[in-house]
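Take a look at the structures listed below.
Each of the next two complexes has chain A plus one more chain, namely chain B in the first and chain C in the second.
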Partner chain A sequence: MVNHTLTPTPFLGGYDQSIGGIRIRERHDLGLISMAIPLGDDAKVKKALKAAYGVAEPSATKSTVKGDVRIIRSAVDQMLMLFPNDAPNPVPDVKSAMKDSVWVTDQSNTWVVLEVSGDTVRDALERLCPIDLHPDTFAKNASARTVMEHMGALIVRTGDNSFLLMSASSSAGSFLHAVETSAKYAS
Partner chain B sequence: MSQINRLKGGLVNRGNAMSFTWNGKSMSGFEGDTLASALLANGERLVGRSFKYHRPRGIFSSGAEEPNALVQLRKGAAQEPNTRATVAELFDGLEATSQNHRGPLAWDLMSVTDLMAPFFGAGFYYKTFMWPAKLWEKLYEPAIRASAGLGRLSKKPDPDVYDHGFLHCDLLITGAGPAGLAAAMVAAKAGLRVIIADEDFLPGGRLNAETFEVDGQPGPSWAAAKAAELADMPNVRFMTRTTVYGAFDHGIYGLLERKTDHLAESGGKPRQILWRVYTKRSLLCAGSTERAIAFANNERPGVMLAGAVRDYVNRYGVTPGQKVAVFTNNDDGARTADDLKAQEVDVSAVIDTRKGQYVAEAKGRRGLKAIVLGDGSVVEADCLAVSGGWSPNVHLTCHQRGRPSWNDEIAGFVPGGELPPGMTVAGAANGAMTLGAALASGVAAAKAAVKDLTGKSPRASAPKAGDETYEVQPYWEVPNLKGRAWVDLQNDVTTKDIRLSQKEGFRSVELLKRYSTLGMATDQGKTSNVLGLAVLAEAAGKSIPETGTTIFRPPYTPVPMGAFAGRARGQDFRPVRKTPSHNWAAENGADFVEVGMWLRAQWFKRPGEKGWRDSVDREVEMTRKSVGICDVTTLGKIDIQGRDAAEFLNRIYSNPFLKVPVGKVRYGLMLREDGICYDDGTTARLSENHFVMTTTTANAVLVFRNMEFARQCLWPDLDVHLISTTDGWAQFAVAGPNSRALLSKVVDDLDLSNEGFPFMACSECTVFGGFPARLFRISFSGELAYEIAVPARYGDSMIRGLMKAGEEFDVTPYGTEALGVMRIEKGHAAGNELNGQTTAAMLGLGGMVSKKKDSIGSKLSEREGMNREDDMRLMGFHPVDKADKLDAGAHFLTQGDPEDMAHDQGWMTSVAYSPELGHSIGLGFIKRGKDRVGEVVRAFDPVRGKDTKVVITSAHHIDPEGDRQRG
Partner chain C sequence: MIINHPLLGPRDAAEFVYKGDVGLIDRPDGMSDDLDTFHDYAYLRDNPAGEHQELWYHEQGDRSWLVVTRSTLTHEITKVELARDVARARGRSS
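After this line comes the complex of A and B, so read on.
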């Protein structure tokens, strides 16, 4: 056995900077797990979710939150869970917490997650995101899948003026560049 | 010369003088001027030369409709040609030059063209330059292009940046004139989210050009107050310097916001932003455009639209001339004279067609000196204010094929036919030609929009304004025309050209436009359309409604290409996807190639290697001799789970998948609905209900999309779930006779012996003392090989660990080129072979289309045409002379056959130099291939001028029995 320890490298090196009053931060501390609802098991999954994480099942375009755990409705029969995690394989814990009621896939390495926040964050995002982010329209915890600068993306409103933006990890550099450019141009 | 034409008053800021240069000459103006108003203030009447005849031209209008005053702004790389001086906001330090002349503007050598005008009627290119045909491209076209035209590009990269963005609103109001402002107040107070956009930098529209009062205040003051009030409301976005240039599907509008065009420097910020605006309703309050009257030499510098004259006098405090005559067919004429007189400008005559008077001819070449009236009398004038009536700006109503309809009362087209969904029109754009009517219609339209969107009827009444009279009597062309009368000033189209076109058979207005160029180019005929139609109608003996009209397409005014491109320039043209080992590869001499959006290492250069072949040959040799590692993360990975996952795969792949044992990988073939092969890959069964599929890099998205469609639409009764994990796992191929030995140093507690982990085995495992990984024993190279995957963020650490473990075996990283060479040596099909025309039988995989089950494409693959008698097969090819280099794309011919398509035997798909065999090898499809092994045929390549003798071999150039990969 060769003497080598595998170490993780955050996709954006743990980027955390403010541009024109907008903070852009890589959230590499989050685990992402996709949970697919087996055909016909909706009621069972709803209960399991409540029991495991104390959180309600989100409906389409919404997310629900309990403590550090956020569940996003990502498709008709699919949810994406975000939670603090540094384990290389969070799947077994989730499976057991959910009592094997859902089909679980680790997505922690599939997405890069950026948290963007600041009073003028919407001025930057309107250069990037086709979704209507008006505070009344895109309420707290709303979520949407969309496209930003030709990259598939997921956006979640986490606070008054804060959002999570997610996109493919392989193009993390291009995604960050798009967000940085928006903040720079809007400020 | 200092602002000799500057009057008192106006809305310019006299406290902020600005200096600028015009053709190198220093001049001054004020904040709030346009370049046009500043040039007029400085007494400049001649500002350009016309497109075709190089006639002297002056400023004709005061807005976006300007056909004449096209100038070049700034210099160097930032130089912008064809800018309308009437909408170019003056800033301190602006450098402007005239365009389309040789020599000085006043003495343009090309003006000789005008003397030859009798030869240059409509369509003269088509009639004149008929022969010899080959001279068209070499001589005629370059000569014509050099003499006709507008400004010139700098031919340097645009130094400015541009951006795109997305906005959303309940109501988009186009135009902040009286109707738009009144409407916005109603809608905004009712709580709607309103965007109001105006192309001008000063809101108010015609209120700033006239001397009307609204609610007891001067028009400009009312507009300024309302604009300020609206801008302060949180539910209103007030956008000046913003043109709504297009109405698109589903209530989407295109807006161009000019952010820094009025500044000397943009400071690194976007110069312009192209907004996509999603609306629930829109209200068009775009006003109207004045048109001219056709009389001889009606385009001499100094001849100007009457509304523009009032605009310059009232808004800018500038008179376009010291002795002004007025020529009109409507009530606006008297107002022009009044406004001039109020500023003590000499008005030499008011000629009203309604009294039987008319202007026959304009005198003065580089500037108007006098006008000759219909009765022969001569009136001195250095400016003639002409009004032939007003045409509503219906452009945006036509963007989805709406056809405007003729309104006799205003002698103009008003919005008609089907408007873009959600759009209503108010103000002059809808034919409400007086101020009171415009305000009232704006308010009514806003109330209707509020009611429509909220169900509530807001209480609001229109602001009070005097309802001036607007009586117009159509008058297009003066009688007994002496000389040429211009209709389209930008394209030099005269009334004679229109009549000639009509006589030559171009009777449809659409044909007339294309033949004569009437209404084309940057102004899109804003001032000329209706006049042109009227002349055509008269020539054809029809009415204008019978003649019809061309309709308008986006954009309303020109949009720079840079704005359309936005940020997508250079490095940012599209996103870049990087593999997890990218940084390591860059440190180790990798040369990268674009594969879709991915950047992949194509080879790793080592010191002393002179060209790519040296690196690739070494990588192949070292891999086949010992062990090599390649990042294969880019291959699509799809996680498939569900109680019916196996059944689902069995329907997706043409070969059986129901009984793949847990811990095994199977190669699978995917057919399109029509039975053609479109992708292949391997799928591993990790547990009873959990599979991981790999696809080709190119088809990763397509396969996912097709499977998602099948899951949701074809078989919603199956419990199966898909999610992409392509980016989630860093995956490395470890290939070569020492791959097992290398991995034994990396993988924890897994029996890697041939018995414990045979060919096509798979397992979840751990590496380097407990880190989660997945191991697959699959081989693309034909060697004993594995693919090992770890979570992507461990990929960089993984490649470093693998290389460390491989040191004792002299491990080599290899790139996509070596990967390609090895798969061609092995005879594995890839993109060149799966080109959308390939059947399973052609690939020699006919047995993989199971007849015992139904799968996508299996039935249609049985069609007669898909099972050709010629039995085209994928085969290998070696050159008879081993020194010959083969080329993909060559076609095969049986020896002795003529070189024509009737005798085509097939084609070469992929070639490579095989380091193992020591010569060039190829893969290709050839008729009856499997019966022709050993036959020599010609690889005929007329494109490259080559004709090479090749011998047909098995597609498996090396190890046809597969002993290496199973060993």
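After this line comes the complex of A and C, so read on.
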């Protein structure tokens, strides 16, 4: 039997380019875990999250961060965890760290994550994103699930001029094209 | 049109899908209610010129269901609630 070695390829081949001072970078180094909160277990989950990752439970509009781990509220009873990961299956570790208090599914291969940054990044995003991104209403760590160019997307502010954009990996190329085009028009 | 989501704040109506009259929450009991009750539930709607309570689904957002009170004459939205809160208040959900 022949032993094949398979090498995983990022959805966008590890895209990393600057367009008019806006850097667009694929973050394929991140693992994504979805955590669903059983009905009525909020207090228990809050405690488990603190014990496991030292991070507070995120509100509907603001993600929480501790070190490399970021937790985003993706739905009323659901959270999404972003963390550095290259393990093929991070689910068992997360399940045991959270003491089985949440329902866990690996979403690492379902979302594409783009990091966009630069002084004029908001000029590019205002062409794409229906959310008001002014720092007074969308401050650091603010998060929102919305739609960009008809594609479902999630946006998180990671700094004054940097954001994470997430969308379905199946349309990663179209999503990147939309972001690239907006960056071109803004420059 | 902007819908002021109770958890997320003002969001563009394009993120939502319209799901119909709020009466859909009050589904009859399939084991005890008669066929006419089900027929009315499935097919009969009021068509008010004025205040209307309706279900909206935040599909391109946090996937929540909302009960929106809107005037069919002006499109003015006077109230937005989480559908699950409304359903619970009616004893429809745990």
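Here is the rule we go by: the second predicted complex is superposed on the first by the 185 of 187 C-alpha atoms of A that agree within 3 Å, B and C clash if a C-alpha of one lies under 4 Å from a C-alpha of the other, contacts with A are read in each partner's own complex, and residues count from 1 in each chain.
Operating definition for what follows: contacts are C-beta pairs under 8 Å (C-beta built on N, C-alpha and C of every residue); 3 or more make two chains touch, one makes a residue touch a chain.
All values derive from a computational prediction rather than experimental measurement.
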| item | value |
| --- | --- |
| Chain B versus chain C as contact partner of A:144, first or second or both or neither | second |
| Partner chain(s) touched by A:38 [first = chain B, second = chain C, both, neither] | first |
| Contacts of A:107 with chain B and chain C, given as first, second, both or neither | first |
| Most chain A residues touched (candidates chain B, chain C) | B |
| A:130 touches, of chain B and chain C: first, second, both or neither? | both |
| Partner chain(s) touched by A:93 [first = chain B, second = chain C, both, neither] | neither |
| Chain B versus chain C as contact partner of A:60, first or second or both or neither | second |
| Footprint overlap on chain A, comparing chain B with chain C | 39, 76, 130 |
| Chain A residues touching chain B - in the complex, by the definition given at the top | 1-2, 4-11, 28, 34, 36, 38-40, 76-78, 88-89, 103-111, 126-132, 134, 137, 149-151, 168-171, 173-175, 177-178, 181, 184-185 |
| Chain C-facing residues of chain A, complex | 39, 60-61, 73-76, 130, 144-147, 152 |
| Of all residues in chain B, those that touch chain A in their complex | 161, 163-168, 193, 268-270, 273, 276, 278, 567-568, 572, 574-579, 597-598, 633, 639, 641-643, 689-690, 712, 717-719, 721, 723-729, 745-746, 748, 767-769, 771-772, 790-798, 800-801, 804-805 |
| Residues of chain C touching chain A in the complex | 7-9, 11-12, 14-15, 60-64, 82, 84, 94 |
